[in-house]
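As written, the chains take the letters A, B, C, D and E, and residue 1 is the first residue of each chain.
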């Protein structure tokens, strides 16, 4: 992809994404961290666009930015006694070492590998193609995913609703 | 100057590593969850990048995968946050490092 | 008379065995004890005695028949076939009968002495609660001894060899409630078994080298030189170890004096006349083998000599009448070994023959004395000549025979040994002569202390009755004494015209005759030995009878010899205290048990403990922190990638 | 028929367990009846065995497990030959004895008898198996009843001892399993008769000696051979009497049987090379065991250590690599089973009455219990190898067979019997003889039929073998003959 | 239509789950209705299981095998085996949960979640496309997260947290690994990936990436299999979760994990250089898992925690079979079938053990091993059943555990892994200690109270089925052997 616009967009988005991801680590306030996370997710959505994955980008924004982040905020609000300082545990140094090691490994592997690249342009109209796939080839995962969402919903309810006393339950 | 597959992969790698750090080192359960979501996103980015660049009979299956991954992540987040609420109720904390009643 | 049939020869052994079987079966069925409701037991104990005596008597008659058969066959071996007992691969163990001069003489001696002793025991053991047991064991012993004599295969011989040891053990420990008796029994068995190890190894050696276990076959092999002389020597030494154990030869003689804890008739039969002579018989049986090896035969002579002297010396200091006789027995067995050691098969067996009579007579006499006084301690006897004249007379005859005074039996046989020694190895002759002197000394001392002087007391008998004045024993006991006295006086004439010699020579393979020493009667030797014996008696008379010098001053003069003798050369102390108690029980076994407990078991338990410890440490890794777990997961991931890429780089 | 015999005790066990609680007293009768029938059937097999034909007879075979993907096949295959038949007889005999002498057990009797019967099935199975895996199966099953019997009905430090027993055995069988699998993979079969035909193993995935070692470790532990012996004294000491009887009488023989049947007949080449090492540890075991025996204070422990010593003769005989030695070794298993079984029965009776097994506390028991003493003397003498009793026959056969190959080591073994005389006689001297101790004035002799019967039967067997061993020896020779032939 | 027919077993469970939820909503809330609802839900769940099993049988009878849903799902002997196994386990778990259900108001939700996760597991065994595998994996995971925390007390919630956290991390790992696999091969179908792997997999250009993907997948799925070092959650979660759920985790979830690992590794990564890499990796993991699991179990005092550690060790033992796969064809199948067989045998044994633990612990109100003292006197049949299961776990005949041990070590030996087999059998010795210690406690110790007790009917039935099955496999293993071999033949 030599298109200058894309190149600039990539670098910009990459910096935003990675930068805000790092900010999640750095900030001392949990709410701020969530905000940075949202920024990072948006950046990723942007990167998807540079990869001509428009449908995925939309989904990303809807679900991550729209749903998950909000859920997290809710969770933070609902647990007022939890630590708000976004602090690290005693595992900070080992985690750091491990992270650096693993990140380096991943990056090395990514760069070192001879990927069998296809000389192919960007996709056009991914939405309908994906829609076809979801209801065609991947209808089974699609159905499973719907069961999964249902199950998660039931599960969340079960977890959050308090267990009534026996008498109450048998009313 | 061009942007290649490797660029995206490296961004993904960095995101994955950052997420991992969050997951391993953050005290608050929500912080940990953020790390995990970041790791998912790193994987998703990698998928989409591969879809775009590598030889494939069905390059869009990468996108499909990501759709499912995002769905799954949402479901998982919902469950996890419900659990956070539950935990807060029974333990008065959601600091992961303090939840160590079961051990040894 | 017709030749004896094989079945009858077997019967010699099986009759007493049957007696044993009947008595023990009755005992196991509980018929020998009073029934539960009370009253007399079904089987009166006296019947056991009668049964045994009848069996042994029948065996005695058959033994005489066997002897007659051998003589009628020109003293040659009577051939009977062998019977298969066990066959495994190349191992053929046959059982059969050896009937020749040697075994026939032994048969007669064993059954004869046994008969008299059983007869005597009826009175001696009267009222003992182990009466049935006594006769059962005596029957078993007689049977085993006869089986030993008759065996045609060395393994068969070994079987009976061990069985007589067993009977000896059981009878020494007959009064098992006595501490001394139970100790003595165990000691006797263990010491003889120690010798038997050599015997067993010899058997293993000879079988592995020749593949035969038959006695005749082994003799044959030795004479033809089919195996190396080393094997022959080792075999002979192994056999001699067994013989030395049973025949109480130095250094394995320590058990016999203690064995006197058994009832006196037992001592008379087993520890004087028969079992202890089995060693001599064994060496005689393998005489061609011994004679083929200079080393072996020299060992026999040397051990015999040492034994004869040291035991005689011990006899001088012993205060227990039976012990004196026990030492005397050891000493005389030493003589027999000496005889064999100088090639005098005939003289040795002849001495065995005469010794059987006079020594069992001496023991039975001692039993009679004990019956009267309740003690064997000579310091508490004295003057018994007056109270028990018959006993005194018979014991006197036996003593003279023992010392070798002409014309009693011992004179003839001992003289032959000395003659053989003079012809073969002169140093043995001088040892023997010294021995005769010592024999005279202790015999004289014993006679004087027991029968001379005044009565000094006495105490309860072996089995508890208490006597007042000493009195002569009843006829049932005296009859055997008298019969034995006749034999002790006259048995020496059996070989006056070499009948005995021819009988025995017939039992040695033709080819081995050259190995026999034919000692000729020499008048000066006869005089010398009689003189030595008489001078021994005289010295004893002088010291203990006339008290020319006080025994105490002799004792003080000879120090430290008496002390050494009283402590039996410290051999018992060496064996029991040093080797067994300190070395084995206190040392090696303790060390081993410490090793067992702390090193071996410690390792086992240690492994368990280490596992437990590791477990306790490892579980600490499971610290409960979820993020720690995740960290470990990623460590694993990185480790796995690194591992694969290091082991198998792209 | 054979299958029926093997599983009959198991069925009996089921019957006993399913008895209702109020019928508990029946359990011992059922158990005894079942054991007696099993014994009768084995006697029938013993008589029915065609000695002239030799080889394996009464074979029953069925495919048990079949893998289509590989040549992994397991068979249920049982059969008897001259080696296993006498051991089967011993097992069923001691099985009955064990039940009779536990006539007075009152702690959970149903379970107790059931476990005894299960144990019997597993032992019968071990000796009859013609498939190596089946053999291993029965070998392992035996652990369970033993574990329960020792830990529940034992005395003293029973739990520790049960552990030790189980873990030791399990440790050994762990190695054996790998050995068996490797062997089976190499040979392509687990059938013992077919394994007996394979030649030298050359190109296995691990060297032949390694396979041999893996397999024989289990047997050496079971035998047991120094230094793998420490489970034995503990297990013996703390097990109930009947279990000690079975343990000493039969269980140890599994080791010896395994050595002969598996290690030697399947890998003769390795066995030949290893014979000198085996003989060395055998001699070591004999002397070590004997030395340890002498200083024991506990009667059961004493006999246990004497077993260590006596089982050394089995290995010694086996290492002779010849018909005579192997026959002697197998004979020794049988005679040791009878003799030591009897010794344990007697010690159990003494313990039941005196409530102590400490030699220092006991003395003069002969006054109170003449019958037990007599039997003790008989058994003791048999144990120390007195001729005309069973022990002598086997030991002397072992010696005769081994001497040629291992002169020095056999001599060491012979020295062991002198030790045996020492510890046996010394024990009898201390425990049974001596002054009547007023402390023991109330003891009673063995009078009940279930006490006297087994003892007399064992005595009769010991005498019968001792006086005319050929009736057993010929059979054993038939059994080990082919093995010796393979050993060349 | 074929697609739906082939999905029948899973659908049966899903329909049952749906009906249960609907029924719960539809029926009124009242005391009587609660009891009815509980009974009805119980019956529906069992009916669903029965339907699933029946449908699987029909599929076999009708020879209705092959791919479905455009090659994302396959019905073959392997997936059918797991259908039976997982449905059977689910049924047993439902039976075993009866007592738990009586104590909660969320019984319908509980059953629905169990059935949904069972569906996920079945799909894991049948899915042949990474996308389907991923979604199925997540379906069962999310259901299990909730089930683990179902008691909603402090311990249960903590267990759920740990399970979720580690599970989510593992999912991320899996996803990343799948992404790389996709990047390398350009496909998500296992067969297509296999084509790439056998054609060019492992050449120096792509090897690092392939190794990375393999390790990530192994790690992500290792979480499900519970092998070292991905096992850390196991003891905590086993201890904290409701016991029926623990049983479910230890049997079904593990079986599904192994099923999916076998699918991916044997089909997609089964050829080329990489297969020897992961075989070695699994061999090492197996050795470490067995050793660590057994060693740590030694000093445990809580029986559920002890069983947790023991299940780590067991998982290590299964892995031996996978490690043995690397060799040539026939051995490959033996290794695979040994895993399958072991899973089947282990299911009965472990279920039996857990059901007994449920029944006993509930009555004595403790999970402490020390409190099991004398249980044999108080409840002879339960004690006998538990003892039998523990003996089977130890690997002593005539139980399933013995045959499994022989079978799996045989596979190891045939694959030249004698060292691994040795480690395995020696670990068996270690495991004997902690398994039999429980038996010892029950039989050789005196009980604290003489009061006797009986299991409830459903527990008793479940227990009887498990123990009977365990002995049946131990005595006549052939049917299960045949089944697991034909299942493994799928990979031939």
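Just so we're on the same page, a residue touches a chain if its C-beta (ideal position, glycine included) is under 8 Å from a C-beta of that chain, and two chains touch if they have at least 3 such contacts.
Everything quoted here is computed from the prediction, not taken from an experiment.
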Legend entry - Shortest walk length in steps over touching chains, chain B through to chain D: 2
Inset, instruction - Grab the C-alpha centre of each chain and report whichever is closest to the global C-alpha centre. - result: D
Inset, instruction - State the pair of chains with the top count of C-beta pairs in contact. - result: A-B
Inset, instruction - Could you pull out the chain whose C-alpha mean position is farthest off from that of chain C? - result: A
Legend entry - Whole-Å gap between the CA centroids of chain D and chain E: 42
Inset, instruction - Please work out the Cα centroid separation of chain B and chain C, and write it as a whole number of Å. - result: 96
Legend entry - chain C and chain D, separation of their C-alpha mean positions in angstrom: 36
Inset, instruction - Determine the centre-to-centre distance between chain A and chain C, using the mean Cα coordinates as centres, and give it in whole Å. - result: 102
Legend entry - Multi-chain contact residues (two or more partners), chain A: 89, 91, 94-95, 98, 102, 105-106, 110, 115-116, 118, 138, 141, 145, 148, 151-152, 155-157, 159, 162
Legend entry - Residue numbers of chain D (touch at least two other chains): 167
Legend entry - Residues of chain B whose C-beta touches two or more other chains: 16, 19-20, 23-25, 29, 32-33, 44, 49, 54-56, 59, 61, 64, 68, 72, 75-76, 79, 83, 86, 96-97, 99-103
Legend entry - Which pairs of chains touch, using the document's own definition: A-B, A-C, A-E, B-C, B-E, C-D, C-E, D-E
Legend entry - Residues of chain B defined as touching chain C within the complex: 20, 23-25, 32, 96-97, 99-104
Inset, instruction - Over in the complex, which chain A residues touch chain B? Could you list them? - result: 1-2, 6-7, 10-11, 14, 17-18, 21-22, 24-25, 30, 33-34, 37, 40-41, 44, 47-48, 50-53, 55-56, 59-60, 63-64, 67-68, 71-72, 74-76, 78-79, 81-84, 86-92, 94-96, 98-100, 102-103, 106-107, 110-111, 115-118, 120, 122-123, 126, 129-130, 133-134, 138, 141, 145, 148-149, 151-153, 155-157, 159-160, 162
Legend entry - Residue ranges of chain D touching chain E (in the complex, touch as defined): 64-70, 72, 133, 136-138, 140-141, 143-144, 147-148, 151-152, 158-159, 162-163, 166-167, 170-171, 174-175, 177-178, 181-182, 184-185, 205-206
Legend entry - Contacting residues of chain B [partner chain A, same complex]: 1-22, 24-31, 33-34, 37-38, 41, 44-45, 48-49, 51-56, 59-61, 63-64, 66-68, 70-79, 81-86, 88-89, 92-97
Legend entry - Parts of chain C lying in touch with chain B, wherever the complex brings them together: 619-620, 622-627, 630-631, 634
